[in-house]
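Note that subunit A is present in both complexes that follow, paired respectively with subunit B and with subunit C.
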Partner chain A sequence: MTAPRAGRGGIVTAIIAKDVAAFARDRFWVFMTLLALVWFVGMYVFMPETVDESLRVGVHWTESDAAFDAALGAAFGAAAGLDVVRYPSRQALEEALGMGATQPPERLTMGLDFPDDFLVRVHLTLPTSVRLYVDPEVPDDVRPALAAMVRESAYALTGHGLPVSLPNAETVVLGEDRLGRHVPLRDKLRPLYAFMMLVVETYALGALIAAEVSSRTVRAVLATPARIGDFLAAKTVTGTLLAFTEASLLMVLVRGFGHEPLLVAAALLLGAVLVTGVALTVGAAGRDFIGTIFASLVFLIPLSIPALAVLFPGTASPWVQVLPTHGLVQIIVGATTGPMAAREAAPHLASLAAWCAVALAMGLLTLRRRVAQL
Partner chain B sequence: MDHHQAAITAEDIGFSYGRRRALDGVSFRIAPGEVLGLLGPNGAGKSTAIRILTGQLRARTGRALVLGTDMAHDPAPAQARIGVVFEEKNLYEAMTGEENLRFFARLFGIRGFDAAAALDRVGLADRGRDRVKAYSKGMRQRLMVARALVNNPDALFLDEPTDGLDPVSAQAIRRIIQAEAARGTAVLLTTHDMHEADQLSQRVAFLNEGRIAALDTPEALKLRHGQRSVRVRVRENDGVRETALALGHPDAGERLKRAVEAEGLLTIHTEEATLEDIFVLVTGRGLD
Partner chain C sequence: MSAARAWEVLRKDLSLGPRSPLFLYALVFPVVATLLIQVVFGSLFEPVPRLGVVDRGGSAMSRAVRQAPGLEVVRLDSAADLRRRVERHDLDGGLVLPRGFDAALRSGDRPPLQLYLSGESLAKTRATLALLTAGLVRDVAGAPGPIEVEVVATRGGSSLPLSERLIPLLVMLAVIIAGVFVPSASLVEEKERRTLAALLVTPASMTEVMAAKGVLGLSLALASGAVTLLLNRALGEHPLALALILCVAALMAVAIGLILGALARDTNTLFSAIKGGNVLLMAPVIFFIWPDLPGWVPKLFPTYYFLNPLFRVAVESATLSDVWRELAVAAAVCAALAPAIVLAGRRMAFRLASS
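Showing the complex of A and B:
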């Protein structure tokens, strides 16, 4: 009898359809996927869409002098986003700073206390001192800026100008000047949202593969005309398809495609291939659900670092740039904050593609070896 | 029977797991419609032999031919025409019985597969839409058999197909094996159950420590290695006298005639060695 023969495409399609159906009816992973979608979209929607760039500074001075008021106004009013609040006494200022017996409803983080004889001593060119209150969470570079403003007001009172001027026309802003429209935290979180969505699918595919290996259903598949190559191809397509679809859906919901939808889509596709490679490896290594989770963490913790580094600019070491997900994060950040030139994106895409090839090759070899050992 | 006539041919197959030799020069042939029982204790190499013959392992030495295909090179043409029942219950538990069968039918390239009929054949018609995780052990085993028959195979490999089953399920599976053999399918059956092997197999092979210790029909093995006798019980005075008459003895016929005609005859039982007795005799060890 001549048996019907399935083509390679038919076999791969049959395995993909089976895996997608298995994923769709796995209540745990469907719940986790939906939870991740709702959670990240919820975070995006409920976080403020603008950045409050103003700094409130509490100031106490007792002397009422038009020139002093004008000098202070000139010194502090010139600083964009600085909101000066005057307090009638040092005690009132300190209470507003949270140093009193009761905590104020809205605590100040910075304060200036001018001594009572400040004007007299300045006019007499005698040394005087102004107390500066600074909360530990105030960035270091703000403190000297405040001190400079105090000095500037003193210069203004004595009729002297500052020896150096910095005309706005000569201020050079590196990159795009985002003064007044800084990137809100919810937008900075987009790369992390995308990465975490991909992570959920890494776990799901890893668990699916681990189940197939541990129950040895793969042996039954390979006793048919299906080859190990068909099996591996189907797992790769299934993983990439699921991860890309869900990460793309999330990016649509959080407006993550920005100015360069094709670029972000390409980056997400490569990211999906990358995590699929990881899933193949952890699926081959994991004996059960817990084993898969632990094996995943070995890869996913370092891979999450570039996305976290976006939240804390300047804190990441240079080696973060060699991590596989650095390119993915840079493209999402670049494309969502403004137009991204192809020349700028190319190195990131190339790096991501190279890491994809490495991760996928490692995953395919590991799973192939594991299946051969069954 | 040469290997052109045989559906399944093992030619001097050898295989090792590291330093442990699993198969050492194993040879046998199975004709279309024949059931060969491969008998042996755990670790004898039965499952390894099946894995090599189904193309999942490559023999280190020798040759495995199935339906004219050398399984070490391109097993796909043969794999399209074989069915395998694995020792482990490797079914997709989250899928229903019907879905399991349909998935495997797609791997064989079969269109319009009638899953309900296939399930009906193994007595699972009313459970086809239940997920396999809800199946009993016997139901899973019957589904495994149904899966192995999805492509109407010309060669069937059954690794302990009735192991641990209740008598009703085991009997149902034996009937299917007999029906497949009657259809012309070559069947390689591994089992611990000597009675089952005796009942189903035209020939049996004793596999011990990776080697074939004996290969013949059950009858020939019994004749060659077993002692045939008749046990006669006769009432005598207040008791019962029991006598064993060896049938190989020159005057066995005369002695049996006298026993039958004797007054007070209670029972006459023919006795022959079981395959298990012969296995112990040939290999010097039991099947456990």
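Showing the complex of A and C:
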């Protein structure tokens, strides 16, 4: 009497179930993976959700409000980027700057102290002096800018405008004006979070395959009705499933699906396939776990560059744009910062899909060769 | 415990160690991390306004801009290129100085100021660039300064640039990789290859094996930490105090590494433990990078008690008497981990014997 033959799907499912069970049985691995998840979510929650765009400057000014508006308000108060806070006395200003006996709850880093006779002396063109308080944390470029602001206030009071003709604001600002709508760092980090979760599974799957190769348990699997194709298919599905599930869960928790959930899901799925391809290649080496980690780094360092590049201002270099994960990063960034048209996303998806095909083909071929040699 | 036998085990590890990529990684890491974090990512947290300048007539403005502090100035040949770069936010701002600009300025002709700002640059960056440009225009026009600006430093001390605030991160990474990774991975590797069981058949005891692994990790962690401090020019005014703090830091890292290595069943488990545990070990580092975050939070983590003394001695020139209390807490943590190492070692020996 012979047992009924399992179909190919059944065999693949059985290998997947074995692999998933191997991961799930390791309660410590599950706990630590959850802890990493909590860490990324915690970082996201605790990082500022807005971008501080203004320079907060404390000012001690004893003259009237009208004179203040004429000098500082009219010249710069209306300008975005300067948040001027008035203090009734020099002592109050210095306390706010943290120079008093007690530390203020929210310390100022810059302050201007105008002398009581400032207006009179400026109008009479007599020399006068203004104190500019700066904390060592204040960037170098801000100090001369504030000094210029003080001098311009005096020029404004005496009716000496800038000796140049100024263009209107529309012609000065180039590109989409994101004033007040800048993407905070925590949101810029979302592609990096997703990438890190994908990477974690690359290590895990790579190590699992490496262990099966080095201990030759893969031979035992192939002694059953399972073929090498079933083994490879099962590893691909397991890796993709684990990586996609973790990355998706993280994206849900950090609101990374944004305006285009389907698009982001598609990109994450392709990203999961991509890292699975890498894991198959690395795992085929069949070294120990530490060796697997270091072999993975060879691939993962270049793959992480697009996620890091997006943190810096400006467009990424052309060589960064051809890296496999560039498309994944662009889709996550595009979808979370606003609606992303399909036309805009298509080239990124196409490039990501092409790289997935290359990575997976490379992984499958390498692992097939390795298994055949055992 | 026999020191001679522990030394023999250590000698074996030292001769085989360099073949392991982790060993190499622990040695190379300080150099790579310092280069990467200080040079590449330093600018991420403290961005400098980037200004492009097209100067068609040798304007004094262009020379003054290049000398302005805290600006990254890029000279360009064409206004179209400048506009394109500003639009793509490859530059925060751009200044086009036509031929005869200075002469027109000085003669009171009010030449047009061609200043462009990127729509993606922050409001404060735009304000800074606009004000700096205004100041330079006044300087070139030769207008007499109506008022003097006296600059007063509010803290009176030296500034703490990001490069210094990143030192705890770099030292922490160096000490953890060498102190935690090396002994733990070495123990687990020996368990997996069953060479540990073979080793215990010899007169060497588990205590001697663990002592050897600990000394290996400790030496590497000390060397790695010291090289990191040296590369970052952070040996401070009290290098002996710093050496003592580094010893406590390396001891804590090694203690954690030995416990993890003894408890982890295989490298997968070890990696998971390090992956999750690093979160707890590295957490205080964030509070050095962003000092405005609540100060009580890092005190909940044991590594704070050597990181803060290290930071204060290396960067703020504090002495040992200023930081001894915190360092004593770190030493107490190390002492508290000692029984855990012994228990973990016994458990590992029992498991090996029963397997």
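Here is the rule we use: the second predicted complex is superposed on the first by the 253 of 374 C-alpha atoms of A that agree within 3 Å, B and C clash if a C-alpha of one lies under 4 Å from a C-alpha of the other, contacts with A are read in each partner's own complex, and residues count from 1 in each chain.
We take it that a contact is a pair of C-beta atoms (placed from the backbone, for glycine too) under 8 Å apart; a residue touches a chain by one contact, two chains touch by 3 or more.
Everything quoted here is computed from the prediction, not taken from an experiment.
Undergrad: Could you tell me if A:P318 is touching subunit B, subunit C, both of them or neither one (first, second, both, neither)?
TA: neither
Undergrad: Examine A:G291 and indicate which partner it touches, taking first as subunit B and second as subunit C; both and neither are also allowed.
TA: It touches subunit C, and subunit B stays clear.
Undergrad: Is A:Y203 in contact with subunit B, with subunit C, with both, or with neither (first, second, both, neither)?
TA: A:Y203 sits against subunit C, while subunit B stays out of touch.
Undergrad: As a test of reading the superposition: which chain, subunit B or subunit C, is in touch with more residues of subunit A?
TA: C
Undergrad: Check the residue A:T128 against both partner chains and state whether it touches subunit B (first), subunit C (second), both, or neither.
TA: second
Undergrad: In the overlaid three-chain picture, which partner chain does A:R25 touch, first (subunit B) or second (subunit C), both, or neither?
TA: In the superposed model, A:R25 contacts subunit B only, not subunit C.
Undergrad: Once the shared chain is lined up, is A:P136 touching subunit B (first), subunit C (second), both, or neither of them?
TA: In the superposition, A:P136 contacts subunit C only.
Undergrad: Using the touch definition from the top, say if A:L146 reaches subunit B (first), subunit C (second), both or neither.
TA: In the superposition, A:L146 contacts subunit C only.
Undergrad: When the two structures are overlaid on chain A, which partner does A:P105 contact: first (subunit B), second (subunit C), both, or neither?
TA: Touch partners of A:P105: none, neither subunit B nor subunit C.
Undergrad: Mind sorting out which residues of subunit A both subunit B and subunit C touch, each in its own complex?
TA: 26
Undergrad: Quick one: which bits of subunit C touch subunit A in the complex? Just the residue numbers, please.
TA: 20-22, 25, 41, 43-44, 46-50, 68-71, 83, 86-92, 105, 108, 110-132, 134-135, 137-138, 141, 143, 145-155, 157-160, 185, 189, 192, 266-273, 275-277, 279
Undergrad: Which stretch or stretches of subunit A touch subunit B in the complex?
TA: 1, 3-7, 10-11, 14-15, 17-18, 21-22, 25-26, 215-217, 219-227
Undergrad: Which stretch or stretches of subunit B touch subunit A in the complex?
TA: 54-56, 76, 79-82, 84, 86, 88, 90-95, 99, 103-104, 106-111, 147, 151-152, 154
Undergrad: Touching subunit C in the complex: which residues of subunit A?
TA: Counting only subunit A, the residues touching subunit C are 26, 28-29, 31-33, 35-36, 39, 51, 53-55, 76, 79-82, 97-99, 109, 111, 122, 125, 127-137, 139-152, 154-155, 158, 160, 162-167, 172-180, 182, 200, 203-204, 207-208, 211, 288-291, 293-294, 308, 311-315.
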